[in-house]
Each structure stands twice: as C-alpha cells, then as structure tokens.
Amino acid sequence: MKLIPGLVKGLAVTGATVVRTVFPKRGLRTLIPAPSKGADTVQYPHVKEAPPTRARGVIALHEGNCTACMLCARECPDWCIYIEGHKEKAPPRRPGGKPRLVNKLDRFDIDYALCMFCGICVEVCPFEALFWSPEYEFSEPRIADLLHDKSRLSEWMETVPDFEDYETGSVAKKLKVPPT
Amino acid sequence: MTATESEQLRYIAAQAADARVNLEIETEGMTLNIGPQHPATHGTLRIVVKLDGEQVIEAEPVMGYMHRGYEKLAEVRTYPQVTTLVNRIDWLGSFANEVPFILAAERLMEVEAPPRAQWIRTILFELSRIANVTLFLGDMAVQVGAITPVFFAFRDREHVLNQIESATGGRFHPNFDRIGGLKDDLPAGWVAETRQAMVKIRSFCDQISELVEGNEIFQARTRGVGVVPADVGLSYGLSGPNIRASGVDWDVRRDSPCGLVYDQVDWKVWTHPGCDSFARFWVRLQETREATKIVDQLLDDIPSGPTMAKVPRIIKVPAGEAYVETENPLGVMGYYVVSKGDLVPFRVKIRSASFSNISIVPWLLRGVYVPDIITILGSLYFILGDIDR
Amino acid sequence: MSDLLVAQNVFFGLIAVVMLVSAVRCVTTRNVVHAALWLVLVFAGSAALFILLGSEFVAVTQVLVYIGAIIVLFLFGVMLTRASMGDDASVASEKRAMAALVAVLLAAVMGLALFDSFSDTRLVIDEPQRFGVVSDAIFSQYIVAFEAVSVLLLAALIGAIVIARKD
Amino acid sequence: MTAVLEIAPFAILADLAYWQVTSIRAIAGLAAVLLVAGTLVYVHLFKLVSFMQSRLGPMEAGPYGSLQLLAETGKFLQKEDIIPRRADRFVFCTAPFVVLVSTFLLVVVLPAGPDAWFISNDLGIYLAMAVSSVSVIGILMAGWGSASKYSLIGGLRATGQLIAYELPLLLAVVGVVIQAETMNLQSIVLTQAEGEIFGWSGIGNPFILTQFLGFAIFMIALQAELTQTPFDMPVAESELVTGYMTEYSGLRFLLFFIGEFATAGVFSAIAAVLFLGGWYIPGLDAGSELFNVIGPLVLVGKVVLLSLLIFWFRFTFPRFREDQLQKLAWKYLIPLSLANIFVTAVLKVLW
C-alpha cells in the first residue's frame, strides 16, 4: 500500500501547474497573478515565434546567380519548380574580349502548394542561387497565390539570415550569403 | 499455431469469467465501425468489430485508407529523393525513418559515415524517439480519458522538436541524412540547448509518472488488458517496446547496432513481465528516460571531424541488395533495398513496425469490451503512416 | 377559494386530455420506444393530478419511481433487446382481444373500487399534505401492508436474480 | 442597512400580482441557471483547465476572453442543425429539451436567501432528486433517436450509470435529512446556520463536518451523475465520440452543452446547500435582510468552489471502465452510504 494514493498525486500535479501558471513570479511579487507569463503557450498573432536560422521556411532566389541550369527543377521530387530561360549575349568580361553567351532567367516559379520543403533544390544548386529563409507566414486564401514567381522569390532574399557558426569539433566550412 | 490458440482461449475465458452475458438469451450481434474517422485511430485506420453487447466477438482492422505507395514511389525516385519520402512514414519520429534506408544504401555503396556523423545520427535518432514516445505517453492517457497529460506531452515535446529543427531545419521532416554522412554539421550552442531539453523531458517523465502511471484508475484500466504472451507476440512479429513489454529482451539497438553508436554508451534495455497495456506504457516511459540518458552521454563526447564521407556528387548505387533494420520508436523498421546499379533503387521493401504491431489486433481484441479496444489500440501505439506507407 | 377551484378544474381537464391522448397513443403506436415515451406523459399527468390533490409526496414519488426508474428500465430493456429503428409491424398486432379484455376488466375493477370508497366523498384540500402525515400513516396504520409489500419486492428481486443467473 | 432594503425591490415585490411574481421568478430561474452555467464554463472550462495544462485558454474575445462564451453561442446558433436521415426526428429533436427541463426544474427548490427562494416547502431535496432522474429519459431518447451505434451505446451506458449512481446520491442526502430533520432546503440551511458544534456556534454547524462521508459520497455520485471524467464512459470522446451527443449539432448540441454545465452548477448548489450551509456565511445573523442580497452571491461562490473540485477531478483523471464504475457504485458507495445512514440515525436517536 502506497503512502499517498496516486489520485492525490495526480491532483497535486495539475494543481501545481495551475499555481505555476497563474503565479509565475518569484520573490516579492509572487502573489501577483500573471498567467500570460506563466503559460507555456504564446499568443501567436501577437507574439511571433522565432524559428531557428536553419529552419526551412521558404525558399529565396538570388536571381543574379541563377543560370537556369534546371538542376533544381530536375531534382525536385514533386516537380514544383518551373524554369524558363533564354540565351543572351552579354558584354565581354574583360575589355576587348569576345561577347559571351549567358543564360538569362525568364521565369522561375515555385509552387508552394506542391513543395514538400525537402531542401533538395537548395542543396543541388551549383551556383548558390537558392537559399532557405526561416520566414513562415506566407499562407494564402487562394491556392493559386501559393505559386511564387521570380520577383516574389527574390524578395525573400532579404529575410535570409547569415549562416550560423558550427558547434565545436566541426570541420565544415561556413558558407556566405550573397548580399541582395 | 496451437500455443497461440490455447493462450487465446485461456485469455478469453479469463476476460469473460466475471461478467459474461448469458449465452442462452438470444441477442442480436452488432457491427460497429471504429474508424476510419475516429479519435482513437490516430488517422484513418478502420476496425470493424462485431459486438455482443459490449463484448467483441470479432475484430478486423481494415487498412489502406492512407496508402501512399512509398515502395512503388521509391522505384522512380533517386536515392536522395527517397530520403525525403521515407521521412513521412512515421511522421512523429521521422528522422528515424531515414536512417535504415541510408544505412542500407551505404552498405551497398560500401561507404561508411565518419564517426562524427554516426554520433550525430544516433543523437538525432534518439531525439526523434523521444519526440515520438512523449506523444504516446500523453496520447495513451487521452485514450483512457485523461485530457491533461497530452497537453504536457505536446508542451515538452516542443523542446525536442526545437532541437531537431535547429539542427536539421525541418521540424517534422528533417531530411538530414545523406548517403555517406549528414547534410550539415550541428550549429553552435546546440549541445548545451539539447542538454537543457533533456532535463525538461526528464521532468516531463516524472510528471507523467505521477499523473498517469501511478494513478489507480489508469492502472485499473490498463493492467490485465490486452495481454500479449511473449510467444504469441513473437509469432505475430511484434517488435520494439510492444514485445519488450511481454518480457522479451530484444532490442536491435543493442543486439545489432549497425551504423549507429549505441555500443559506445552505457544504457539498459527495459523489459516488463506484465505483457499488458500497462506494461507497454511503462516500458515506453522508461525508454524515454533511457533515451535522454543516451543523448546526454553521446553529447558528452561527439568526436570532431567531417560529417560527410567522400561520395560522388551523382549517386549511383552499385548492383546488389541489402537489408538493414533499426530499432525505431515504434519498433523494428527495416529497408530491403535492391539496386541494379541505377540512379534509382530497383526495389525497396519497407518493413514498418506498426504494420506488424497491429497484425495482432484481431487476436487481441477477441473477447474484450469496447472500452478496452481503445486501451489496447492506444497501448499498441501505431502511426497510420507507418501502417499504410 | 372558488377561484382556486376553477383553476383546479381547468387544469384537471387539461391534464386529463393529455393523459387520455397519450394513453391512447401509447397502445396504438407501432414503435415500442414511442409507446414507452407516451407512457412517460401518462405518468407525468398522474403526478400532476396528485399535485392537484395536494399529495405532493405521492406526486414526487410518482416522478421518481415511475418516470425516473420504471420507464427508464423499460426503455433500457427495449433498446438492449431490439434496437430496430422506426415502426415495427409485429408490435400490437397479436393478442389484441386479450389485451382489450384485460384492460376492460382492470378498468372495471379499479372504477368499482374507486366508486365504492369515494362515491360521495368531497375531498377538501386546504393545504398540501405534509410528509410527516404520510410517514406516520405508513409506519403505524399501514405497517403490515408496507412490510408485506417490502417482502414481496424483496422476493421478486431475489427471484429476478435467480432467473438471470443460470450458472 | 435594513431600512434601505425596505424600500429596495423587496418591498415592491409584495404588492405584485401573481403572474408578475411568477414571471419574475421564471426570469430569475433562467438567470440563475444560465449565469451560473456561463460562469462555470468561463472560470473552469476555459480558464482553470487551461491553467492546469499551462496554457491561457481563450484570450481574444473580450478582455481576457470573457466574451468567448457569447462568441461560442453565436457560433452554435449559426451552425446547421443536422438530423440524421434514419433518426427518429421527434425523439431526436425533443431529447435536449427534456434534459434541459430537468435542469431548470432542479433550480426551483434552491434557496438563495431568507426570502429569496422559488418554492419553499417540504418537498425540497426529494423533489430535486426526483426531477433530476428525468434527465435520464432525455439521454436515452438522444441515444436511441440518433440512429447511431455510438449514440446507442452511449445512451445505454449513461442510463446504466445514472441509475447506479442515483442511489448513492439519494442515500447520501438521507444522512443530512436525518440530521436536519427536514427535507426543506431552506430549513436545512437554517439548521446549519443556527447549529452549534459542542456548544460553540461560531461557524454554525455545516453538515460537511458531521456528514463528511455523506459529502464525499455525494460528490463522487455527483461526478457520475454529471458524467464528468472519472465516470464519463457514456460520453467518452476517445471511444464513443461523445456518446449520445454524437449526432447533435448546432442549437441542439448547445442545449446539451448548457444542460451539462447548468446541471453541474445546480447540483453543486444543492451540495453547497446540503453540506456547506447554502447562502449562509458565519458571523452574520441568518435572519438578516442582508442575506437576500449577498445570499445569492455567497451561494454562487460556494458553487464555484465545489464545481472547482468537480472540474479538477475531471481534467486530472482517466476514466473508469463501465464495469469498474458499476462495481464502485454497487460494491462500495451504496453500502457505505447505507452505513452512513445507519450511523447517523443511531447517533441521532442517542443524542
């Protein structure tokens, strides 16, 4: 036979949670009820969550780096990236050189209604044109609006954070985010 | 199997002895559909039970409402793409789904991840176990009627999910494992934060054990309900905590730790001789505690070095076949990968734990009462994605 | 006083109509559950009549025992054994004559008994009957009958258990 | 103070016609049921439970979410009133009203002050117990009329449970009745107010002290009568999907919802009257006119306190299985309450 019945212990747990939630303060102000501070939840639209830097929120496009090589579109498991481009003559790199042919991006759409946020496109991009931004508030009332076009994707670039430092013992190289 | 049958008869007799409805009175049987839309089925599992009063005569799980054809999909996806897919099989412990597939592919390619990657893999593996099983601890309480524990479970699971997210970038679907290592290294400060999260999880376990495990009503509801004798469980292919709760000391993590570093830490496999729903709850509670210990020990000495072995940029897996299984949160999960040397696997067979775990449901539900159906389903703990794949 | 009497008569009329209609519906409906529910109205009506007679205790007991327990057991039994929704043709089709005969006999016996004892008595209801009076009557004047009924109920209870438990 | 009250509404009340008094009483009864139910929903269901689970509960509607209940009501009123095709329409539609009527009739016996009562006669607690048993019929009607197996099982379980727990509820009250020598709730309050403990009349004699066993049994049986959690097998969300209420939506679900909380409030009030001294608070003269004003508030305070217990249990414990709760009622509660009656009666005669 146990000393304290489990039922009473259970009541104590929930009771203690009430007290901790309503009176979270310590010290002199213990008796001032402040549930908004004591609760573990946050009032979402008023208080925003700060996702970690690596969070895969939305994909940002650094348009200048994109060469329309189609690698991302091909590797995407659900084919939600649409790219169109054309070749264009660009002025030579050095004065007096030959004019170059560069790939110019006409269309770069990501359909977030299809995207499953796996990050393969960002990973396979050989030219550092795609980045993850932790921004997560881009829900839309109409599903068609989830198709982000080139300009919208470029706007996300501003929200891309710098890559964070690595934990001790790592030998990985810290990448750089190009300035927008 | 005769042992199975006799065990079952004995079990039914024990269940029915005290309150069996008089069989001479003609009663109409009733067929009750539990699911596909039902709070106890965690999704779209359907169980057709034939009832005599409140007693189950026959129960048949109907699966496939959520079948997404992963095995077939995997045949037309490259290896990195498959990693994304299999994430979504057991969505609560999703990192753990990637690992056996990656290990099988690594075995075929004959590469081995560097020690640091193995270490981090194991940590994340255990974190996803915690993320999965904490929810079970709350959910089981909800199944038997207590509402509060599940809020605690969601509250404290958040700490673990935050850690998974800040390391992998994905909260639910990390997609962090790569053939030959990991996608990235850990961010700075992650180790210390994870340690704090483990402290929170331990205090959550204490809370649950006071609020639920020690509760007399909970014990009355779960003890002696859904008894799975060890031989029956094994013959039905139960694995993981479900079979350990029947007293079988079998844990793939300890017995064949391929690619993960469980042999480097000091931990214990918990078993319970009870065989009933309470034992399954108890084993999972202990395993959550044990997982926090494993994580803590692993965090202590992560070796330094690279997280990625040398692998070609375009992955072509040489022809061959490999089967790797790991001890996932829900039980033993295995991938049988057959490659013909292509970019895509020729065939992937997924042995998911829940599918085998609920195969015992018809056997187990015969002769129990309606409320016990829910207790048993809750204690077996399945994830629909893991059943239907 | 006369105002009260008029009100009493009006309400008696209302209650009586409700009771009659429900009683008729109770035996004519083809749905067993509906029959039981009509019976609830009949019992409620008789409870109301008892209140008009000033015997609150009997009225409340009527509600507690008949509506709260007996009808509930009826419904319970009906639902446990046959959960057929909607009308059931087999209800109230056989043995109609027998039932009518029993009903007429019962009505005759009860009517006779009532007329015999109350034919020219005028009930004067000044105030509600107090509980004390009822209990005093039960435990002094009618003690033998009360105990006899108790023993009878106990016997019925034991009998029911014996029938129910075959093992 | 009393002079002020003489000219306050109470003096006017005396000159009103019968129908006026009756309508005032009807409105007061509605207010008593609905306001208390609303208070309980807000204080306990929205806030206390949220705090138990370390969250905040509704915060958006009104200051601190206080108008949430109105928003919810509006939502329920707008919802489509779905009636299953094979349901027994009449039975299905009337069932919530039967449950609600039982609740509203309960409130009439409650005294809220020396002169603030609806009816005050010998029926008292006996009437309350009788009327409360009517709700069972409503629940059975809901369960059977919905043409759903979950509802049917829920209805049957509810009935079995309510029958089983009505007995200990009644028997627990008998102890109080023996001690107070009356079934009139007003007199029970006065007995407690004027009673004394071994010659000390400081706090009167709330029956919770002498009838603690009765109080405990009453609260447990009450929990079961209200089908709150340790005993909520009939409405078990995780298995029967709220049992007999499965098929209800919109207004009719709202009625069940109100019924649930109103009954919790009214029954807590009955418990407060029986065991905690009702509208009386120690230190004041029970005959004082003041109690006509603060009496209802005191009673509501006690109701909130007692229902706090109910909801604390509800949101902490898992539920019993059907056979276990029947066992609890028949094997433990009923013998215990009979023993309680026996001991009370013996002591009453000896004293």
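Order of writing sets the labels: A, B, C and D. Residues in every chain begin at 1.
The rule is short, and it goes like this: contacts are C-beta pairs under 8 Å (C-beta built on N, C-alpha and C of every residue); 3 or more make two chains touch, one makes a residue touch a chain.
All values reported here derive from a predicted model rather than from experimental measurement.
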| item | value |
| --- | --- |
| Graph separation of chain A and chain B (steps between touching chains) | 1 |
| Reference chain A; chain at largest CA-centroid distance | C |
| Intercentroid distance (Cα basis), chain D paired with chain C, Å | 28 |
| Geometric centre distance via CA averages, chain D-chain B, whole Å | 44 |
| Chain B and chain C: spacing of chain centres that average the CA atoms, whole Å | 60 |
| Length of the line joining the C-alpha centres of chain A and chain D, rounded to whole Å | 52 |
| Set of chain D residues in contact with two or more other chains | 52-55, 315-317 |
| Chain A residues counted as touching two or more neighbouring chains | 7, 10, 13-14, 17, 40 |
| For chain B, residues that touch 2 or more chains besides their own | 30, 148, 155, 211-212, 215, 217-218 |
| For the chain A and chain B complex, residues of the former touching the latter | 2, 5-7, 9-10, 12-14, 17, 40, 51-56, 75, 77, 116-120, 123, 132, 164-172 |
| In the complex with chain A, residue positions of chain B that touch it | 77-78, 80-81, 84-85, 87, 116, 148, 155, 162, 165-171, 173, 175, 183-191, 207, 210-219, 302-307 |
| Contact footprint of chain D on chain A as seen in their complex | 7, 10-11, 13-15, 17-18, 20-22, 35-36, 38-41, 43 |
| Touching residues on chain D, where the partner in the complex is chain B | 49, 52-55, 149-150, 153, 229-230, 232-233, 236-241, 315-324 |
| Interface residues, chain D side, partner chain A - complex | 48, 50-56, 59, 312-313, 315-317 |
